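Labels A, B, C and D are assigned to the chains in the order they are written; within every chain, residues are numbered from 1.
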């Protein structure tokens, strides 16, 4: 059976191949690449950037000590009192010492058992460079982690679409309906809803467009697509003459091939970030002659409006013509 | 008496129940959850994340010292000179020492009384891990506190709606009016106003929609809903044939049941964040035959325009027909 | 002479008085308040928050030392060897020491001359509290400074409006024109332009609205108000029958009282923040029978398009009817 | 040959000259200036701000030591035991020492070999000032680097426009088409597409506008300019009577001078930042009588939709009238 384009949870079932200069463009936009990859790779790069820089500077400090002669036996810390030797960095014995000193300096712990002395200008210079680079590495990495944590994509986890859509009449007009909801108490600001029908299209010229995206006008009373998601809302698409569903009847639904992708966009109230929640409906998920059950009620005991989400996906049957909206309009004209 | 859906201060009087997988979805979006919860819980989690991680690493350091033998009597600091013992961490006596060392290392204070030595590779390894995890914990926690502090929801505290709405004529057209204002000197960019009327709706098919949201077209001269909130503005809804208030008369207002929710959305100029201010009007808060008092005047002494907010909610009576807008239009046709 | 509402630089010449609960609401939104105030107050609060917290904890540490007996003569650092005294914090002599220790701990410098010992649980506890509070204070203050630095309001400094507006014909249609420009090479994304005419309005009912904001439809060929500010653009308002300028003639301009406020809104490409630039035109700044000079030319030598900003405000005279747009339309009908 | 206004990669081929008060306005908006400049200058300023502040405070510390007498031979560290001298800062020998102490203090490394004593109030005061200024410098610099890294402009690197545009018929209507695509798996939210035709315009009054920006209405079925970029999309401009291309025939295309600038705007899903991708088409890049090849197919083996980007720019020839859309419409009327 043919798989859907957009999964129920909003994931897109699309893969890309043969993209020219892909690697180069991903690197040009390294930040978005870092935010997009999986957490395990982010954490790995995060850790590696610290450890590798610590190691790199540890090697540098070791070289400074070595070239200055601090690692010769009579110049080691225990013998400095006797020889009167002044090292570049205090209490350095070998690479382990310079590695520790590198961490202590770059991470600004600075225990002080190991410390920079005034003996070597190159030591002071490397200390400056390491301090600056340390701030930069930390800024970039913390920025990536912060951006990854605050991705507004996650807010879509708490936005709901009904499992199925329904077709019934509203004031004699056949309509396609589905439900959207918001689990959180905080809002989605400037929420808008869109729906697109992906279906084969053939033009008069014989052009075959296998996955054409027809726009379905959705809204409420006046086709307003702006939502105030105070409680779950029923989104309505009137099946008027300019709708791609105008010629579709109940029996057509059983054999037609299309996918209705629904998109909810808005700004997360808490963080002022834009988010997008997606879902889709196949013909098999559209219930002809059904209507959604109410789920908002007023509780006299608490004086509050209560939403019962266990009813979110529930529908009940209603008398609905099985013919297409076109046939229905033609029939009305005859009467 | 029936409580309102949206309180005067914008809070929503709605509760949700029976939400499937609620806990799991809240955890998937941990960041928004953290930003949404009350300050006392945020501060508690903030504190706990630091203290618990300090404790965890303190236990680790204690284990390292214990397994290395640093805690045996002849290996303690005061006896290290005599025994020539080299510990993993200098000046560790027991758990209190490792706890202090853990804080000094992770928080990068690094007094240096306690310090890592070159004796134990596992000590250097744990020091690296603790440094990295410390940065991560601090980044996440500071990010949550920063986002919670910068929530644009707070800017709505300084946006005002008039306490009541008014109905009167403007150029022979019955209109519903209310006032919006901005207390701050800095602006709301790209401000837009919306109004929705929550009321029972019954369709031709007998569907009863208990809380249907009718859109009320609001604006000014040309139904422009964009605002430049330079001073308090009177928002106007013309009661034309496509308005749900078209059939409502002054007496109907006394017994009708509905709620007009008003929404002001825009971008905070100072922080570029999107905010939403809400309020609502019940029929009892709509004054038929009233008009808002002017509150902007020009001060010749200072050469500035002055807004007197003590007049913000004031209205005065004007001659207005008590019949519905429909009746008024029919009457006009007869003349 | 009457002062303008919006100054040429976008400042608003409006003051507010008698605002109820002003102080309380400003505190509820402390963050926006902090970002809005002048830099000198921000820096003062920034400095004070650090110094006061250092002082507060210095007093706490002093109390801990005092109550533990660390400040008695035989318990001071120089006599600790002889008396075998173990202090709560090493090398504390008095308040100056505890103040230094407080800074070294909270700011995580941690020289180590003064350090926490294992003697006092209350010392370890205060060290934890000070560390956590130190991070919080720094996070809030750095966040305020960062937000204040990144305010997109400053981007409006490099957006330009022409000093005057012009009225002339374009394809026989009288139009009001003004110019907008962007000094920077980086763009304003999704730029849109709006214009409002502030003027006295009197309704049929006799309501006098002293500063009514009429919307002026602006744009280009098809009244598109979206801009791609690749170079300075001439914004056009067609004086059609639905324009408040329809009845205004050249002589009316000399005595009319109104102000045209122009608003450019968009997203700063570099930071993705929304910004708003404002300016205004008084009747005395509208030149009837003038047209803006071109300022974009193609340089053959460099192969680039050059914008000469010295011509930005320049206009030249053109033959233009001095009558109102209404009279012109009526005249056309007669012919 | 005349160069294009917008390069294929979105760069704008425009330079500006004679801008009044340019330097002053760039400094007023220092933050955007810092984010806009090249990386090498940002890193230079970043480094310089740290090094110069370290040097400035090093001089201050040196002055404190000098005026206190800490640098006299009998007051130097090695002689302090004998003379009983108490310095302002421990272990200071000269400028190298104060420079190291300045770094250790401001960067909060605090090795502790050099430390502030209680001897000098001016030393404690300078330590406070340096700590506060250090936080400010780091906050500003990290903020600039973070903002520069997160610039959403880079996301446009992974947004694609087809190399050429095409003109052919769709349901008997001549259309201009081009293709847009998104290389990344993560989305652009609220994507919208715009097209502008830059061409010479001459009005009835004889005004010559050398680079007028005509708006080309683009979209899909119902001129919807909103995109759901799930896979590469073909953007369509119907050449109807209100299109500036209405009178253009295939032969006109060979000699006409214009440039069609296309703009894709939207919000990056990962970071919630607004981005804008640009490209353009010259008449030589418009293929009359061509149509884009399909590139989306369904893979039965994996159950996924596959996009083959190697076909992204491919077109094939189709029978298309060579006359203008106007001639075609007139011809249809005759039949």
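Just so we're on the same page, contacts are C-beta pairs under 8 Å (C-beta built on N, C-alpha and C of every residue); 3 or more make two chains touch, one makes a residue touch a chain.
Source: prediction; values computed, not measured.
Asker: Where subunit B and subunit C touch, do the two copies share over half of their residue numbers, giving same, or under half, giving different?
Answerer: different
Asker: Hey, what angle do you get rotating subunit C onto subunit D on C-alpha, to the nearest 5 degrees?
Answerer: 90
Asker: Could you state the distance in Å from the CA-based centre of subunit A to that of subunit B?
Answerer: Once rounded, the distance between the two centres reads 21 Å.
Asker: When the C-alpha atoms of subunit B and subunit D are each averaged to a single point, how far apart are the two points in Å?
Answerer: Centres of subunit B and subunit D (C-alpha means) sit 30 Å apart.
Asker: Can you list the subunit C residues in contact with two or more other chains?
Answerer: 104, 108-112
Asker: Based on the touch definition given at the start, go ahead and assign the chain network to line, ring, star, complete or other.
Answerer: Looks like everything touches everything, fully connected.
Asker: Subunit C touches which residues of subunit B in the complex?
Answerer: Those residues of subunit B that touch subunit C are 46-47, 50-51, 54, 93-94, 96-97, 99-100, 103-104, 107-113, 138, 141-142, 145-146, 149-150, 154-155, 157-158, 168-172, 183-187, 189-190, 220-222, 224, 226, 228, 230-231, 233, 267-272, 291, 294, 296-298, 302-310, 318-319.
Asker: Which stretch or stretches of subunit D touch subunit B in the complex?
Answerer: Residues 108, 110-112 of subunit D touch subunit B in their complex.
Asker: Could you pull out which subunit C residues touch subunit B in their complex?
Answerer: 2-3, 5-6, 12-20, 22, 25-26, 28-32, 35-36, 90, 104-105, 108-112, 114-116, 118, 124, 127-128, 131-132, 135-136, 139-140, 143, 147, 151-153, 194, 196, 203-205, 207-215, 242, 261, 263, 265, 273-276
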